[in-house]
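Next up, some structures in structure tokens.
In the two complexes below, subunit A is the common chain; its partner is subunit B in one and subunit C in the other.
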Partner chain A sequence: MKIFIFPPTSLILSDLVERFGHDPLAMMKVVRERVTGPSLDSPPINVTPNDVKDGLKYVAVEVPSGVRGRLALMAPLVEKADAAIMVKNADYTFGCVGCARTNEYLRYFVKRRRIPYIELEYPYTEEEAKEFVISIKNFLSNLENKNG
Partner chain B sequence: MDEIKIALLSCGAEYSGVYPEIEKAINKFNAKIIHPFVETSDIDDAVEEIGMDVASPDLRLMAAKAKSLVEKNADADAVFICTCFRCAEGALMRNEVRRYIAERSNIPIISYSFTERTTAATLYTRMEALTTTARRKALLAIKKQEGLTAGIDSGSTTTKAVVMQDNEIIGHGWVPTTQVIESASKAFSLALEEAGIKQNEIEAFGATGYGRLLIGENMHPNFVQEEITVNSKGAAFLADKQEGMATVIDIGGMDNKAISMMNGIPGSFTMGGICAGASGRFLEIASRRLGVSIEELGPLALKGDYRNVEMNSYCIVFGIQSLVNMLSQGAEPADVASAACHSVSEQIFEQQLQEIDIKEPVIMVGGCSLISGLVKIMEDLLRVKIIVPKDSQYIGAVGASLLASGFRR
Partner chain C sequence: MSKITKIIVSPYYLPIIPKLYEKGFDLIIKETCYGVMISGEEKDVKDAVDFLRKEFKNSVFIKDRGFPPGEKVRCRADRGGGGRPGFHQLEYEISMLPNIEKALNEIYKSDKKTIKKKKKRIGIDKLQSIIKENVPL
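Here is the complex of A and B:
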């Protein structure tokens, strides 16, 4: 199943989802496609003003361009997703979108789509980390059971 | 020309498609972008030190970069701070980061809020001002005019010139702009004539304004400079506010500038020029419709009350039509004059002044500063007393003449 991860830049979450046999929907792939494509019109991540207009599919023109540009990249991942794993109050090194408003919208967008999701607090101790991984494993297993 | 290193402190630029535009504008003035190095472990400490605990990680990173800069971990000559337009959190942090750096270093800073439509061209004047401030610190430190110098301000509507000697203006020239060089020569001649000086006696002269580059090629002034830097120096000199913070509002015939400055050097600023309804041209047309000269419009507006006139638009076409309709319905000319001044002031207030820090003293300059009704309404909107210095319409020419002191033979 296609699993949207939040933060969408989290390598750890992406790896966990993959290990448990699912397809993570993460930013890394989106950016890789952009920067390895035939043209690089707008370095560093090739978001052009036209992409920012694509963000209007999700939010109004009065929303800052940086939010619309991020949503143009990230919101389609939510649209493709069968389920989502979202981590709250994560450390910067865990993954980061950069903009709090975009974070708020993406979490809201997942809930509005009414797909199965799990929201977890970022673990700061070894015990919490174990619990964190078990929760993700159980969530993904339950998805398989429901669909299997 | 030495290469200038500009530290870029931004949030959202790479996701708005404007990063290449910023880079292009910076490179045009022989400058390059640098990114102050920070560790992720530094971020929360920096936010704590600045004291503005924002939620967005990129704005928190901006705080860490600012701290790295003031602790001299990054070799930067200037700073460009930018965030998305209409982001409240970004605007708050941009301002506080600017204040934090300004209080702890003497690195010149310019801040800006961009949209996806921001192009390199819209940033050129800002980058020219920023790189000039970094390159010409000694020149911009000049506070007193010395010797015999002159300045020419080639504006879109009028061309102004002054001759100065030993910190005093001794000659003025003001002509409508037709052909740039012809108008500049005429204004210069008028100023020389009033001063009783021959051109070859002038020790140095500078040019500013929209026609400055053409003047640079044809009249060979000692320096050519954009009007943000020059007008800041001119305003600080004319209003005798050379130390500390101040705000300059320059309403010209075609475009406006609002500059927040520190010690006569621009910090942040906005430039208008998109809508003629917020320019002196609107007032020129309004005065023509009222059958008074532009000089009479201000005193007439002071006698009226804009609240008695219904205006449905700021537009130079539809707004003027509203005024004409009101006159045909028997409105008092004084009320209509006041409404015209209110329309221009309110539009500048809403579209330009909200993007900069309004710090007192507020100094109003440019041709429209002579329209007393406009100044009064702007005072009411800002709730501050506005200073209109003597010779305020010669702001650019005075700034150019003052800075020309640094180029005397």
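Here is the complex of A and C:
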């Protein structure tokens, strides 16, 4: 099954989902298509002016272009997803997931689509890590059981 | 077939590169400060990932990477230094990997125990001896 992970560039979530036999829908795959596919953009860039227009599919025109451009990359992942694993209250907001508004929209899209999702927090201790991994494992195995 | 790139990260020093060279995968392998990048045809990369997961079990963590190794847009060598975009998140998650590894080890260990308990069956000889002992002729 296709699992949307949030943050969409997370190493831990991407690895765990793959380890438990599912396909993580991660940001890196979308970026790869942009930067390695044949295109006229020089240098190959992640977000093009057209993406900003594509973002209008998801949000209104008043929303900043940065958010729309990001959503043009990430929102299609939510559309494709059968389920979602989201980590909330992450201490960092760096890089391509650093936009708080985009993050809020993505969470909203997941909830609006009514797909099964789980919300967790990053673990800091051994006990928390165990709970974190077990809840992801149980969530994914329950999905398999529900879908036969 | 399309070329893909993966990042392999471990919280410890592991001989990932020697093992990959030993196996002779047809890949571009690059060592970085945070781990190893492998790039090549999708099938070769998948084989290498399966091999590494088998060899190092829960000690390696693997994720996709969008840019190929040495890409000028991302590589620090061409950008004049500083952490590459996305490194801070990776660094943040690397600090949690030892705990995640321990959790995975424990989960797999307890899984194996339950599987063994379920599949344990007695042999025919033992069954015969139990019958002989308990059922009067």
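The working rule: the second predicted complex is superposed on the first by the 136 of 148 C-alpha atoms of A that agree within 3 Å, B and C clash if a C-alpha of one lies under 4 Å from a C-alpha of the other, contacts with A are read in each partner's own complex, and residues count from 1 in each chain.
The definition used in the following text is that a contact is a pair of C-beta atoms (placed from the backbone, for glycine too) under 8 Å apart; a residue touches a chain by one contact, two chains touch by 3 or more.
These numbers come from a predicted model, not from an experiment.
Q: Residues of subunit A touched: more by subunit B or subunit C?
A: Of the two chains, more subunit A residues are contacted by C.
Q: After lining up the shared chain so the two structures overlap, which partner does A:P64 touch, if you call subunit B first and subunit C second: first, second, both or neither?
A: first
Q: Would you sort A:V133 into first (subunit B), second (subunit C), both or neither based on which partner it touches?
A: A:V133: touches subunit C, not subunit B.
Q: Could you tell me if A:P123 is touching subunit B, subunit C, both of them or neither one (first, second, both, neither)?
A: Second partner only.
Q: Give one of first, second, both or neither to describe whether A:A100 is in contact with subunit B, with subunit C, with both, or with none.
A: Only subunit B; A:A100 stays clear of subunit C.
Q: Looking at the overlay, what does A:H22 touch: subunit B (first), subunit C (second), both, or neither?
A: In the superposition, A:H22 touches no partner, neither subunit B nor subunit C.
Q: Quick check on my understanding: which residues of subunit A belong to both its subunit B contact set and its subunit C contact set?
A: Residues 43-45, 91-92, 96-97, which sit in both footprints.
Q: Tell me, which parts of subunit C touch subunit A in their complex?
A: 2-5, 7, 9, 53, 61-68, 71-73, 85-90, 92-94, 96-97, 99-100, 102-104, 106-107
Q: Within their complex, state which residues of subunit A touch subunit B.
A: On the subunit A side, the touching residues are 41-45, 47-53, 62-70, 73, 91-93, 96-101.
Q: What residues on subunit A touch subunit C, complex-wise?
A: 7, 9-12, 14-16, 18-19, 26-32, 34-36, 43-46, 90-92, 94-97, 122-126, 128-130, 132-134, 137
Q: For the complex, give me every residue of subunit B touching subunit A.
A: By the definition above, subunit B touches subunit A via 11-20, 40, 43, 54-58, 61, 83-87, 89-90, 114-117.
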